[in-house]
Every structure is written in C-alpha cells, then in structure tokens.
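There's a structure below that I have some questions on.
Chain naming follows the written order as A, B, C, D, E, F, G and H, and within any one chain the residues start at number 1.
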C-alpha cells in the first residue's frame, strides 16, 4: 500500500452543491469555520491550477446559486448544473469532465457531507478513483450526521482529509515556487499563523 | 466493491422496538431530533412503498406500544410482536418476512441502537444481507453507547447511514415522480429547507 | 416583591422577527428545538386567547416572510411590518398596540435573542412593563451570544422564562377548562409526555 | 445580610413531583446523576429528621407515582396529592403543612426545575420564606431550560444549592453525632469518596 | 463471518485492575456512570454464572484494593494479584486461568481503557481469542484517551461492546429463566427502565 | 432605569491589547470567531465614526504589535502604548483620551477578557461611566475564565453585549444613511446573512 | 461603588482543603488545569508575600494531607487543621488568623467549590470582608455543581475571579520589581506565553 | 496478527515540528494537556534511552524554535532542521537517521496532527514500518481536524496510541529497573496518581 501524494499534476478538485441556500443548513461546524474551509480549498485549487469542477443542484430554486465567495475565487472552473441527479456521479457530464482531466485523485467537498459529498465519493471510489473527502470544506445538518457519513466513507475506502492537509500535500516543500502565496493564504485562513508572522517580523525588527 | 444504490425496488424497511416506553430512555439525541428521524424514515418507507416490517418486544408490558406517530404513518406495515427474542433476527417470523420481501438491502432502525438495532443488523449481515443502520432514526442511553455500537456495526460490515441519505438514495433524481412529495417531506423534517422554500417563493413574488 | 402569575387576562404575546431568512441563522439551539419552541408559544397564545402582536423587519427582503408555521397558528394576530426600526419598541404602532391591550405583562420572543428580543425587552422594561423573555422560543447566532444576551436582560430586570413555564403559569390548574387542549399540546411538543400518555393508556387497557 | 446556616432545626424539605413518568423526561443531567441527587437529598432529610413534604401532580395518571426509591426512603413524609394546582404553593394544604413546620428555610427540589421547582420556590420566596433550590436533585427537559430557570430563581432571591452543600450545612461539624452515617452516605453517593475510604483503610492496614 | 452470540456457556468475564485508587483517575465518564457499568457487568457475570477472573496490579500500594462493590458482587471469582506485569496477558497464571475456562469468548473490562483493558484485549486477540471490550465498564483519564484506545482495539479486531449489550446477548430471550432477575437488574442500572415498570404497574392497577 | 441606546454621538470605542502574541492565547472561542468579532467591531467604530482608542501593553515584546487587521481598519484611532500599567484605566493618558471624547458610554473589548477588558471596565464603571463589555470581540484562555469574568463584570454593573448588538443599537433604523454599508458589513461577518442576500437576489431575478 | 484593587498590602490568601484525597474528586476541570491553578495561586501568594493560611479537614484520614505541590510552595503559611468544622469560617483559630492579618480582602480557593470555598466565602462576606473566590484554583464534582456554587456566591456579593486576574491585580504595573518573576511564573503556567517569549527571543536573535 | 510490544530495544522516538510558534496554534486539546503529553513522551524516550530524532520546519522563522521544554529533556536527540520538506519522510536525512536506528517500530508525535504527524506516519507505514501515532503528544487546529486525521491514519494501518500506553508498553513490568523513575514520572504527569501516592504514604504512616 503505497502513499502517493496529492500533487498539482495528479489531482482534480470537485465542489458539489456549495449553494447559498443549502449552506445555511450547515450546523456541524460554525458558519465561519465552514466558509473558511470552502474558500481555502478553492484558493488551493486556483493556486495549484487544479482542474476544477463546480456542480449544482437546482440552482435556480431555493437551494440558491453557488456561494458568491466560491464563484469569484474560481472563475475558470467548469460549472455543471445538474438537471436532477442527486448524486453528481450519476451525471454523465460530470463524470466525463472528471475523466477528461485524466487524473485519478479526486479532491471532493460538498454540501451536505452525507449526501452530496458522500454519494459522489462513493460513486467515484466504486469506479476505481482515489477519493479524498475534504470534511472541513463540507458541511451538514448536525455533528451526528457528519460522524455517520465519515464512518460510511472510510468504510468504503474513501480517504478523509482536511483542507490544510490538502494544501500541505500539494505544496510538498517550502522551497516550491508556490511557497510565498501558500504562506500568505495560510496566514489568512489560519489566523494564528498570520499572528506568528506579524509577531516575528516585529521581533526581528527589534532584534 | 461496487456502490449499489438503495432504490424503491431493492430495499426493505425494518423498525425494531420503537415503543413508547423504550423511547423515553433515549438520551443520545434530543427527544425532538430522535422522533423527527423516526418519523422521517417512516414517511420514506411509505412514500417509496418499501415493504416494511415493524417488530416489538413485550409491547403489552412496560416497554409500551409502538410509537403512535410511527403506527399511524405505517398502517400497511406488517407488525410482528416477538414473544421473547431480544434479537429480532432470532425470530423466525421476522426473518421469514424479510426473506419474503425478496430484497437484499435492509434499512434498519431500532431502539436501542446497541441492542435492538445492532443485534438485528449483525444477524442479517452474517446471513449475507446488505444492512444499512439508520443511526439517527435509532436511539440509545447515552452518546458513548452509540459510539461503541456504531464502531461494532461498522467493524462487522454494516453500512452506517442517516435518514436524509436514505431518502436521497431512494429518490436518486429530482425529476422522479416522487420529487414533489419528497421535497415537501424534507421541508417539514429539515426546517431550514422549509424556510428556504418560503423565502424563495416570497422573493420570486417580489421579483 | 410579589410573585404575580401570568394569566390569560394579564398578558400579551409579542413575536419579533420570526422570519424565514433570519431563522436560518439560528445556531444556539438545534433547528427542531427552536421551531418547536416558537410554535408551542404560538399555540399557547392562541389557546389562551392572548392579545398577540407579530412584527417583522424588512419582510419583503432577504429576511423573508413570517415563518409559515407561526403565521398559520396566529391568523388573528396583529401584524406590524416595521418600516426600519430595529428595536420594535422604537416603533410607535407597536408600542401603541401593546398599550391598547391594557396589559402590563409582556411575553416576548424574538430572532435574534441579542437584538430583536433583547432590544424590545429592554425598551419595554424601561417603560415600566414586566417583561418575560422566552429564551427557547427565540434564537441567535451561537450559544455565547445567547449567554451574553441573557445576562444583559436579567441585569436589567427582565424575567427569563421558557415556553413550558409560560404555559404552566397560564394554565395554573389542571382543573381548568384549558386542561385537555393544553395536555394534548404538551404531548406534541414534549414527545416524552406523549409517550407517557400512550404507555399509560395501553397499560390501563391491560389492567 | 447575614449567612444563617441550614440546620436540622430550621429547615423543612420539600419534594415536588418526583414521579416516575415525569422523571423520564429529565434530560439536563444523566439519569444516574439525577436519581443520585434525589435519593441523596432524601437520605439527608431522613437522617437529619427534617420535616418533609412530598407532593404530586396527577399521580394516578401518566405522570406516574412517586419514585419508588424516594418513597421508600421517606416513609414518614407527609404526601400531598394536589388535585390540580401546577404550583404547589397554590395548594393550601401544602402551604399549611409548610407553615405548621414552623420553619422559615425551605429546601426544595422538583421535576421539572422550570415549573415544579421554580414555581414553588418563587411563591414561597414572595411570601417571605428563605428558599434553597436544590438544582441537582431536580431535573428538566434540557440544559438550556435549567439555565433559564436558574437565572429566574436567582433573580428573585432564591438561593441555588446542590445536595452536597445542603448536607454539609446540615452537618456543620464532623464531631456531630450524625458524622458516621453522613460519611457513609457520602461514600455511596460520591463514589470517589468511598474509594478514598477503602484505599485509606487498606493503606493503614499495610502501615 | 458468522455472528456467534455470547452465551452463558461460551464466555468468560475478566475484570482488570478495577482498584479504588486507579478508579479515582477515571475522567472519561462521570463517576456514577462508570461505577454503574462496572457493577452491572459484575452482576451479569454472577447471574449467568460466567467463569470470572479478577486481577489487580500492586493492590497493596497506592492503586488500592479491588473496588468493594465489585468484590462483594463476585465472591466466587478467582482473584489474581499480578506481581508486576502491566499487561495481564503477560501473566501466566491469568492466561492459564482463562485457558482452563475452556472458553474462547472473553468479556473484558479494565482500568484504564488504554492500558489495562487494551493490552489484555490485544494480547488475547493475538492468541486467537474473540475479545469483547466493555467500554462503559472501563474507564480512563479523559475522553480523547478512550477514543484513541477504542480505535486501536477495533483496528486489531477486538469487538467493542457495552454492558447492556453484553447482558442482552447473554439473555437472548425474555422467556429464559434468567428473565426476572435480569429485568430487575436492568431496572436498577438503567433507572428509566425502573420508572417504566413502576408506571406500568401503577397504571395497570388503575385500569 | 432608562434604556439609553448607544448612538454614533454618545459612545467611544476602546480596544485593549488586541496584540498578535496575546491573541494566540485566546481559547474561549475559535480563532475565526474571535477575529471576526474584533474586526466587525472595528468596522462599526470606523463606519459610525466613533472616537476610537487602541491601547497596547509591551507591544515591542512578546505580546506583539496590534493585530494587523485591526490596525488597518482603524488608521485614525489614537494609539496609546502603555508603559507598564496592566489596567488601562490606570494610565492617565488613556483616561484623559476617554474624557476628551466627552462621551459617557464606553464600548470596550480586550484581550484577555478577565484582565485587559475586565480591569478597564471595572475602573471606568467605578468612575461613573456606562460600560459595554463586548464579549465576543474579546478573548481569553478558556471558557471557564470567560464565564467568571463575565459574572464579575455583570455583578459590578458593567453591561455585557456582543458586536452584533452594538451595531444594531448604533444603526437603530434601516432607513439610516448607514444602512447600505451596515448591511454589507453584516453579510461579510455573519455569512448566513450574505447567503440570504445572494439567494434573494437570485430568486428575485427568477421571479 | 469604588473599584479597590487587590494589592500586596491589602490581601490575604486562604487555601481551604486542597488535600490529596479530596482533589481526586475534582471533575469540573481537567486534572492538570486544576493543579495548575492551585499552584499558580500559591506562587502568587509567595511572590507577593501575602499572609497565607492553609486549612485542612480531617487531614489524617481519607481526605489526605495537603497537596505536596502546595505545601512545598508555601512553607511559611500558617496551617490550621480544623478539628471538625466543615466551614472554615466556623473555626475560631482560622477567623482569628484572618483577623490578625489586618486585611479586609480575602483571596480564597477551596476544594470543593460548593462547600469548602463557598461556605468560607459566604461566612466571611457576611462578616463584612471583601471576598474574592478564585474559581479556577478551586474544584468540585462536576460542572453543574460549580455553576450553582458560582451563582450562589455572586448572589451573596462574593467577587468571582481567576488566578490570572488575581496576579494581574497584584502586579498592577509591569515596571514593578515583581515583574521579572511574575513574567516567568506566567510563562510556566500559561504555556502559550512561554512560547511567545521563546519565539520572540529567537526572532530577535535573527533580527 | 501478532501483538509485538513496544520495548526499549525495538522502538525509536520521532518528534516532528513541536515548535513554539506552531504549538500556539494547537486548539484540539487544552494548552496544558498538550504540553503535558509532549513532555511525558520526551521523558519516556529519555528514560528508556530510545534513539530519538527531533525535526523542525523553518525553525528560524515564525514557526519558532523547538519547545524549550522538549529541547531540555532531550539533549542527546538528533535534531534535523528540514530545509523545506513538509513531510519529514521526504527528507533523506530524517529517513536515513530512522534507518540507522535499526528499529522497525516508530513512535511518532507531531504538530500538526493532520500534517506533520500524519504525513510522516503515512510515509513510514508505506515503507513497511510499524508506526505508532501518539495522538495526545500531538496537536492541531481543532477537534474535527484531529478526528479526520485519526481516521485517515487508522485506515492506512497506523496504530493510534497515547503517551500513557507507550510508557506502559515500554515498562512492561513493575519489577523492571525502570519502575521507580517511571512511577515518579507518572505521578507528575497524571496528577491523580501523585495524589494516590501521597495519600497512601500518609495513611501508611498513620497505620
């Protein structure tokens, strides 16, 4: 069982149903934590130029449009409005887009964790993809639902992960050309890190 | 390991010991969350016309009768009062009823999670059924007991799931003829969704 | 300091900004607990025929219309759409309506607890009313905000209360003509109580 | 404001509606913690020979009889079955019994905390009694309700207390003749203390 | 993978280091919950006449003697004071005693969960025994430690279980001769159940 | 006891020791919640043009400089680097600056809640100011410390409040010229609200 | 109502029943947090040379001796072994020792919070002392007991406080001769602060 | 599947990125619990003379130097400052150092759990090492991140463990020459145990 790292060349990013209405039903994390995770993952996809697919369910109804913060971070992403399939993996356009990316590692986040994320993850896993479920860039109705969905995905061989770990695997090395922008992104999304940097700069100035 | 979806044609619904006395011992979820999960699952069974079996343990004693809300939602369900077996899977009438359904996917909920749900799930799994344990339509004495029971079932190959995911797999596609009633049900059982719909309708009226 | 009970004759019920959009921001209670509290309080207002005022803020915008469940329970309530005042007590029509009721005891719930409930409660208290803030028929962004709002109101002499206690003070005695409908309402909103009744009836039948 | 201790001579113990049905609705403490608090308080009342009154509400209906554990600990207690009054302080027989005790300090516990305990406490306080509300020998539907009820009682001048503190004030001094039985009771109801004693005895034996 | 039930004929009960000193370090459950689980499991061992082994570590030092409540429930148990081995499975007398029982199913509880329970469970599992780790009759320093220990044991093929489930598997059927004493035991250790029985009896008397 | 609202004309904003080092010790809220509260309060101070004072303690040492996010939001604020006083109210320059503002209502936040906020609040309160302690724009070492600090301040007559309530009192009326910028700020800092607006706009477009 | 600061000249430190046996019953904080609070407060008493009294209850029995960590920090403290009084304020030697200190501000910590701390605090408060109850250098059986004890003490006019705030009031100004040792103590007891200092020194070295 | 114990002869200890800046971002445990776990594990490594490697990431920048408490406990440890690799297992010097130890059991702790610990653990596991991830000597941003990281590691065959269990496996038997120092270490890091010893000694003295 090897441990193949996520890289900018082997992974695709999938955002399933991060829509303004659905996101207001997320109660397993605080509102700010959830939005922070979603936008951090989107920044990673953009920064590492991952092929990125955003999909929605009934976006012209109460579920609402894609989160504006997500849409503005991912202007290049392919957006697939599913006409009815709950499981994005049942939508041929979505599967074809993943296949066209030529990549076998799928970084997936979704709302809700138990349906939109889990169903796509289980479908792709069954078709032989390596699936990384980004739990803190996903959300659902309450913590128990998340716990159950996580157990189901792990049981089926889906890899659970968080956005910081996705970023760290993609970066790999701080000598990478991505390092400066990556560090800046981390400082915004993990505020303690921004504080470290500011404290360090101030202290060095006082050295 | 493929990912075969739950459908209206391949699944049977089993409610184990949702009795008025026993349910007052449920402390791993709030009272309202638990009852909401149980009745939502019953509505799904009715709406998708799943073969449904309700079983009880000592229903004429302190354990009490079937929850009235459950009974009234499932007038067609077969009800099997077990004469003594704690594990419903030890009751031949129950197993025979499952077998008669001709279905291999068992959607099971029970009170308590660690006994009535887990024992039936483990028994059916050992006999080759695919078992879906609906954790939030089940309940038990405290969160630690649930955590342990969940770990035991997952270890034995039982699939953990929640009622929303059961419903979403059964629906599959919002272009299904079930969509309207399914959406209405979701709005009652996930109140944020009902709010989305009401807000949307009001906004559209104001468009 | 006497202890004057709430009665059907001395109290008025005020619902402040229970709107579909705002309610989707409530994260200090579960969605079901919150909606249960709001509708239980509305049923009490209707059942005891309390003068009732519902007020909204920007109901034709994103805040959304009054919760449908609340509106349908209170068809007779006076509804005051405030043109801009955040504090309902700054709206002369609202204050006048309260004054016209001729009652000095105000049963108030609102979304959010820290703004819509607290501001109206503080305003009315400063004008000499006895104010009962129904904390579990109100909601806000997170538990810390509720804790702070509760401390602020208590410090200012507002009485904190819950919907069950409001109902029990209004009833006063189970020999009241309201008893049957009150008991039925309690059984729906406190499910353990409905279970007790069903168990009791079954046991008595078996006696 | 002096600090007058509770003593065996100045206090009366009041148990309001600790009935088998109602107690199954207690969700603000674990089942065992709650029952432990109730029985410990009862043992204190018996051991210090406090005048003790037990009252019930609709004990021949779904609320159920007095907790057997409580009844068996307090065979001498006066039991008042209220014909309908929710607030025990509205029942003349109850108030008269308290008055006959000749004591001004009322140690009160009840189910639920927000109704049966709070109403009796507020009523007695308004009539000039010093009221001690024993929060952990009382119980209610969820922690938020308890928090609100506690705030309401404190605001009205009721003294919040726990069963250990009641016992310690009553004892006052370990040279009292009550010491041996008090220590034995503490060891049963605070298991860490029983462990201390057993460890000590073993160690001393090994000295 | 069959599902072989625990029975009075195939299981042995092992209590590892439930000593008065060590038990005062248990912080992953409340004191009462923990002691309740330990004594309930001991009552099951006695009632179903399981071969039972109690073992201790340095019982004449600060770890203290066996819990008196446990010792008094299990007067027939073999007690093995280990001279130094932390892992009971490293003690030949202990392993021999298990082997002599002729049983392959080990019901194990211990303090602490991560050391005394986990080590014995892992050792026995590696030697081919089926091991049931009774999590709520065991205890440890904090919830995180328990979570980690549970994950480790499950990963190694140990079955996690709780005392109620142990009892229910042993009973199997309420028509068993053990039923009356089992029900009585359940009512003492799960107080809501005792309340159900008392309510039922009262209601039937009123029928 | 009147209820005088906070207005843009009667209040001054005080930020005490929001420094990069100290803020990394905040553990009573999540990192994001805390930073969100601090920056929201700063935006309110800027938007309503409140006289604003920022003070620091040993900012050239390990405590670190003012949070960059705060500094950049408040370029006009007076910054007072205290030479040693822990209690800002012991610093004459700070007190003089408050006095010069001519305002009697002090909106104060600080790190830590129990020291930097509480001490300044208690000092100002004792000197006759009306002090509003903004609990969620402050932070401290753990939730217990916050609970104790809150109780201490409330006991001393300090008004506890949250940033949303501060903003709502300052706004007062949605017909104010501040409304548009206030709404936009709320949508950023309370993400559910931003979602409501986006959903509403989309729905209206679809009307 | 002035705000008189705690100083090295106006305060006395009282440690009530921090004994090895009793402390193993503390479950409202983690073991480490509690011990950290107790030893930090003792270091403050020593460092600011506060008159200090340590009292015990039955220290030669299961309650055990004074915590060794406390005893070794306070070799100069007067130790009063109470012969039986539960409330230290009932012990004339203890009260006389306090009186002899000539100080009116009492900094008190105790185990348990609800008995040993609360009783002494209430007794001293009733006799006109200003009492500071150090909640995080005290401990009790569970969080509910602490919440109730805190409410009782606050209601009676006792000032709740934490050890960090005690230290900060005593220090007052970082230009004090106590500053260096105070900072070093803070770094040990608030580890984030030690980390700040080490980071700062390293960064300055790199400047 | 054997159960090979950790011993002083078969294990190596790896500390990944326990740096002063990074550690101030740990929010899944309390500050004291985390530091306690780290230093206890370091004392075990020293006491059992395990080959020990400490590695850092950008230690001359904001991440800060190695925790002083860790550095002073492990003066003999090999320290490897990685020039950029996020995953220590990508650093050839680190892997070579592990290989040189000649040991196949890796005891690993790191900050953060999801990156520095998980990546090294996954890398080493894929290369055939047996990896023990010491969860409570590691830390990360919040509990959800830890839960996900734990699930990921367990899924990949990494053994989760805690520092107490590491110590107990290394000790193996209390008749070992390590016993005295091990017991002393346990008493400092598990304070309840130190209390047991002090109580025992006092009691024996009184025997």
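Assume a residue touches a chain if its C-beta (ideal position, glycine included) is under 8 Å from a C-beta of that chain, and two chains touch if they have at least 3 such contacts.
Keep in mind that what you see is a predicted model, and the values were worked out from it rather than measured.
**Q** In the touch network of chains, how many steps separate subunit B from subunit E on the shortest route?
**A** Minimum number of steps from subunit B to subunit E: 1.
**Q** If contact pairs are compared by residue number, which of A-B, F-H or D-H agrees with B-E in over half of them?
**A** A-B
**Q** What chain lies farthest away from subunit C once each centre is taken as the mean of the Cα atoms?
**A** H
**Q** Report the inter-centroid distance (CA atoms only) between subunit B and subunit C in whole Å.
**A** Those two chain centres are 33 Å apart.
**Q** Between subunit C and subunit E, what distance separates the C-alpha centroids? Give it in angstrom.
**A** 48
**Q** Could you put a whole-Å number on the gap between the CA centroids of subunit A and subunit C?
**A** Centre-to-centre distance between subunit A and subunit C: 40 Å.
**Q** Can you tell me which residues of subunit G touch two or more of the remaining chains?
**A** 21, 24-25, 30-31, 33, 62, 64, 141-142, 190, 192, 196, 199-200, 203, 206
**Q** Of all possible chain pairs, which ones touch?
**A** A-B, A-C, A-F, A-G, A-H, B-C, B-D, B-E, B-F, C-D, C-E, C-F, D-E, D-G, D-H, E-G, E-H, F-G, F-H, G-H
**Q** Would you tell me which residues of subunit A are touching subunit C in their complex?
**A** So the residues of subunit A in touch with subunit C come to 24-25, 27, 30-31, 141-142.
**Q** Given the complex with subunit F, which residues does subunit A contribute to the contact?
**A** Residue positions touching the partner: 20-21, 23-24, 30-33, 35-36, 60, 62, 64-65, 67-68, 190-192, 194-196, 198-199, 202-203, 206.
**Q** Which of the residues in subunit E come into contact with subunit H in the complex?
**A** It is residues 21, 24-25, 57-58, 61-64, 83-87, 90, 112, 114-115, 118-119, 122-123, 125-126, 141-142, 144-145, 147-149, 151-152, 155-157 of subunit E that touch subunit H.
**Q** Using the touch definition from the top, list the residues of subunit G that touch subunit F in their complex.
**A** Those residues of subunit G that touch subunit F are 1-3, 5, 29, 33, 135-136, 150, 154, 159-162, 164-165, 168-169, 171-176, 179, 190, 192-193, 196-197, 199-200.
**Q** Quick one: in the complex, what on subunit F touches subunit B?
**A** My answer: residues 196, 199-200, 203-207.
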